[in-house]
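Both of the next two complexes hold chain A, though its partner changes from chain B to chain C.
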Partner chain A sequence: MDIDVLAHGIVAGSLYALVAVSFNILYRPTNVFNFAQGELVMLGAMIFASLTSLAGMPWLVAFAATLITVGCIGLIEERIAVAPILARSQTGTGWVITTLATSLIISNFVGRFWGPDPILVKPPALLSMESLDILSSRISSYEIALILVTLVLVLIVERIYRTLKGKAVMAVAEDREAALLRGIDPGSLGRWSFFLGAAFAAMTGILASPVLYASTSLGPDLLLKGFAAAAVGSIGNNRGALIAGYVIGVTEAVGASLLSPGYQEAVIFIVVLAVLLLKPEGLFGSPNARTV
Partner chain B sequence: MSRAVIPIAMQLAALAAALALPAFVGANSYALFVATQLGIYIIAAIGLNLLAGYAGQVSLGHAAFVAIGAYSVALLTVDHHWPFWAAAVVGMVLAAGLGVLAALPAFRLSTWYFAFITLAFALVFEKMIVEWRWLTKGFAGVVSVPPPSAFGYEFGPRPLYYTIVAVTVVAFILVRNVVHSRFGRAFVAVRDVEPAALAVGASPQRTKLVAFVISAALAGVAGAFFAVQKTVVTPDDFTADFSIFFLLTVVLGGLGTLWGPIIGALVFFLIPELLAGLQSWRMLIYGGMLLGLMLFAPHGLYGALRQAWRRMAPANPGANAAASEAREHPPIAGLALDITGLRKQFGGVQALDAVDLSVPAGSCCAIVGPNGSGKTTLLNLASGYYVPDAGSVKIGDVEALGSGAQKIAARGVGRTFQTPRLIADLTALDNVMLGAYTRERAGLLATALRLPSARAETRRLRQEALGFLQFVGVADRADVEAGEIPHGQQRLIEIARAMMGGARLILLDEPAAGLSMSELERLERLIMRICGLGATIVIVEHHLDLVANVASHVTVLDRGVVLAAGKPSAVFNDERVMRAYMGDRALKAGVPA
Partner chain C sequence: MKAIVSAPLLSAANVDAGYGHVRVLEDVSVDVRQGRIVVLVGRNGAGKSTLLRALSGLNRPTSGRITFDGRDITTARPNGIVDAGLLHVAEGRRLFRRQSVADNIELGRYGLRLTEQEHGRRVAHIHELFPILQEKMNLPAGSLSGGQQQMLAIAQAMMREPKLLMLDEPSLGLAPVLVDQVLAAILALRAQGVAILLVEQMVERALEIADDAYVMQNGRVIASGLAADIAAGDALHAAFMGEHGAPHHSEPRQSQP
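Then we have the complex of A and B:
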């Protein structure tokens, strides 16, 4: 196998893993799997691209502004499209449709506002997209940094879950009412998780934009591949998501080089189906007991 | 399920209008073209509604199943000169088959997996249509699909329209029959209260699968007609937007209502004409509509109509109550329950540690103990909701360990839950009839076609269910939706549901919790009557007076181990039991039992 294919699979896989982690952040306390997550990633990339490339804002300022803006949009989504539905019923039909509706609204609004042309985003200072030719692979310094940053981010997120606040999140995911009785407010955790999950999605979009460009087509693509990484790596398991992200990224790259690029999605789809058929809870999870 | 909101006269008028339309418009007119298309969309929407509205599985890729039907017909008739009808059957079977293949893993998982997988399936399928140029002719698509013909007569626009109207009516009636049958009750149970579906022996996986097969097959049929109506089939016809369009149609008309898809499609066909100037904002408007409808009108236009109707003409419950007469219930051959060495650990907590419990057939045994002592865990293990770490659970003489909850239920184990798990959207009577799920013999086909055997069975079970409602004393609530029934009566209905399932071993999880004094007395009498019929009863309860009166044997659990077991009078006077269960103060004050 070409080492270049492998390297690009890992780069793409890192991005999928980040999307999967952003799904997990949102999912853990709310048990909601946000169908607008892909569009939040896209929105992050678009806002950041506009602020840096078009408005000429410094990298860090634009970074912070984007995270806060998209985080707030996630919060608005939770308030309007998720919380009222969850208050009525916890079963899935409702929020699947409302978060999907949110994704339609965001993607079409962005499409109207920014237009279909992709925006080029430069990597931050000291890094570039020029190929480095290490080990006969055409990987750039930015892509290497992206792989490392992903690793660090996943470790940080895992660390946070081990703190008291993190345990509270897990408690709510396990049993909403029991957590409530112990003085944890599921409502506030839900709001925070949407804010943070959306901000994390925006960060993923920013990190992705030098590699993939900022465009409206980012959303649906990353939504499905992020889902694939989250499902294969077991929902809620961030390390699992990281490894599954690599698996998906490499499979996709290999599939595309062996067959044709048109088969990318089909190959991933079959991998996901096969994993879910054999291990419904994903590769790194244990089956949960249902409580009655 | 729902009171007749659109009376028969209006239904017939709608049908008459549909049939009369071609008389007023030209054979090649735009109006007839649109009406034909409307019929095709309604067929697919009826299927999607069964899936998303009744069974609660939202398909975000319905366009792909329509595409499979359309491409099957286009390719088989154009390239291989098959007759339309044979090609349509192939399209239907392929849509259902490929769909099931893709969605199979999703049925075991949460609802949203299904939504994601159908979304991905549609996306992959769209790509593959383009990729497999040798088969599908790529972007150019398949052109000049011939119209259907029969007996050497080629269908023009008018016969085609009539055919589609006929298929739509048939689809509507078949789906209505299924919805009003045990399958329909199981759909709603799986959608709203999965534990209840398991308790009556309905497999959630199989139930979702049935809904999906019907839904995908209808989409395939719609696709078959789509191909002959448009005569050109291209990948652009089946984009993600098309799937969203179907979903919106159903949500707009009313998810989980029979007329929803029809109303939704009708309204939807008027909207584009009104919004012609806003074409480029279309998807934004779709998104806004989906969000707004789900928030403010979850049952769509039909739901709003129904609400208005109810306000004008309040229902008259009790119609069913009068029809039934008191009957003697035949004796029940109770099943013995034998538990030995049962262990269950949750994380670091040993919930049950080597618990033995022996309940002879036909006896009433109680399990008591402080909160967190493992009583409900024991019930959940015995009824298959949890898998134990070690031990044996024998029901009758059969080892039940490792069988799923719905299998154990089918063997004659009925149960109730700590908080009543009734299906709020179904009437009390339907909830009780749901109990008979595994006893009903009529298959899907017999049900959909309403064969005489299926009708006779339904009639018989209806009478039986009314009998059980009367047995537990809430026959006057038969036609009330369970969500509107007071808590105490919900508990009784849950017991009726368990009995309706032919339960020979009944597990009651804190049946007295939240009951008033008079309800408590009724419950006590009821339990004694059920026991008198011969059924075995295991009751988990905090209310010791009740336990002392009904149970012949008591087992006390404390922190996962059996503290004492024996006759109620002996056990309640055991010093260790009093200390563990009632605290030291009770030792000095004496015991109520």
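Then we have the complex of A and C:
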């Protein structure tokens, strides 16, 4: 196994970690897994690709426009597909179907609108996808930047949870009714979290697109592996998600290099199953971390 | 006594409330005046906690009217009721056990715009009333003893400087010396002008410190008046024995948290 395999595993793992973090952002105050998360990632990549590669918009403007657009779509999803379910029962699981439905609706529209062809997205100025020859590895400057940006983003998100609003989100996650009695409005935090979680998903899509291309198939792939990273890293734990993302990314890369690439998904999910069988709460959670 | 003639701070009039289709409270009327300690007594299942839940907006009344500080809060949302100054420390403390004591105290002021100075002043006030919390600020709330948790739950509410504090079974599961501390804190709060609505199974202790009392049975108020009069009257006896109860008075069973 050469260092290349490891490097590309870390690059892919960073993307899985970002998807997992976007899951966590939404999950914490609502206890809802957004099954449309993968499609929001894909939507981010597609909108950004269209704005830059097709419409020629400057990188930063397109980036901001994409985040806001997808954030609003997340908010609409929360209003239509999640809030009405939670209003009826906090412990209801109807959101499994409604978020899955949202996912299918987005996927269908995007397929109609953009078609199946992947769009090439160039990295921002100063970075490129050309491989550098450091340590005999074929990693590019963009991929190195992606790894670093992921680390910074996870630290920023963790920092946000140290603010009073962030602590309130954690309070809602632990005991919604107790939070209500302290004047915390879980509904408002839920809406914000859907907006930010969707925008974060869109950002993940943008960051992924120079590596993976922007295409409609981006959604399901990142959904599954991002979900796996969230579960292995313990749901709600962002640092856990980062480590788990790396584990899954590297496992995938190693599996593909040792076996045939056709087995890489099987290898990942065998590892995921093994971890969750041994430690159902994930690698970084305590067994009683979830109180219901 | 001027407080008695002024309008009550909290007034629940003819309230019906319950859970889903189960009606627990029937035609309950309760008043709490400024700066007084009011105790609700009655057996388990008499509807005391349900009444507190209705007052704090967790269970919306199906009929009746609740006013607080001159505002109708019958259909207000829990955070609106908290903002109005009516705080509910629920049974079992309901702290955020995974967060530190300091974070729990800080969460008590969620949504309030306080200057650093004012925040510091309120925290200092809490440390004055509950010195033990000062030593534990960085520990997770879940690691505290039951008595310390109760103090922390009251401290959280104090961050908002409430006009009325509702406490549900603050002595539950506490050692006697800690019960004394909690009751002393309640008296200290009253001295600062905070009204207290107390649900308590230690009936005799509660009636000792209370000004007014309500006796509840099967979701209704069966007697009310000055705490001293209730302590001396028959209603209390009837409430704890039921119509066909045991012939001798015994300390009511404590519910499990």
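The working rule: the second predicted complex is superposed on the first by the 284 of 292 C-alpha atoms of A that agree within 3 Å, B and C clash if a C-alpha of one lies under 4 Å from a C-alpha of the other, contacts with A are read in each partner's own complex, and residues count from 1 in each chain.
Please note the rule applied: a contact is a pair of C-beta atoms (placed from the backbone, for glycine too) under 8 Å apart; a residue touches a chain by one contact, two chains touch by 3 or more.
Since the structure is predicted, the reported quantities are computational estimates derived from the model, not experimental observations.
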Clash or fit: chain B against chain C, after overlaying the two structures on chain A?
clash
Of the partners chain B and chain C, which touch A:Asp185 in the superposed model: first, second, both, neither?
second
Partner chain in contact with A:Lys167 - chain B first, chain C second, else both or neither
second
Touching A:Phe113 in the superposition: chain B (first), chain C (second), both, neither?
neither
After superposition on chain A, the stretch of chain B among 362-370, 380-388, 416-424 or 434-442 that runs into chain C is 362-370
Using the superposition described at the top, list the residues of chain A that contact chain B and also contact chain C.
289
Any idea which chain A residues touch chain C in the complex?
164, 167-168, 170-171, 174-175, 177-185, 289
Residue ranges of chain C in contact with chain A within the complex
56-58, 77-79, 82-83, 87-90, 94-99, 103, 106-108, 110-111, 156, 160
Which of the residues in chain B come into contact with chain A in the complex?
52, 56, 58, 60, 102, 104-106, 108-113, 115-117, 119-121, 123-124, 127-128, 130-131, 191-192, 194-195, 240, 244, 247, 251, 255, 280-281, 283-284, 286-291, 294-295, 298, 346, 376, 380, 385-387, 417-418
Provide the residue numbers of chain A that touch chain B in the complex, in ascending order.
33, 35, 80-81, 84-85, 88-89, 91-94, 96-98, 100-105, 107-109, 112, 220, 224, 227-228, 231, 260, 262-263, 265-266, 269, 272-273, 276-277, 280, 289-290, 292
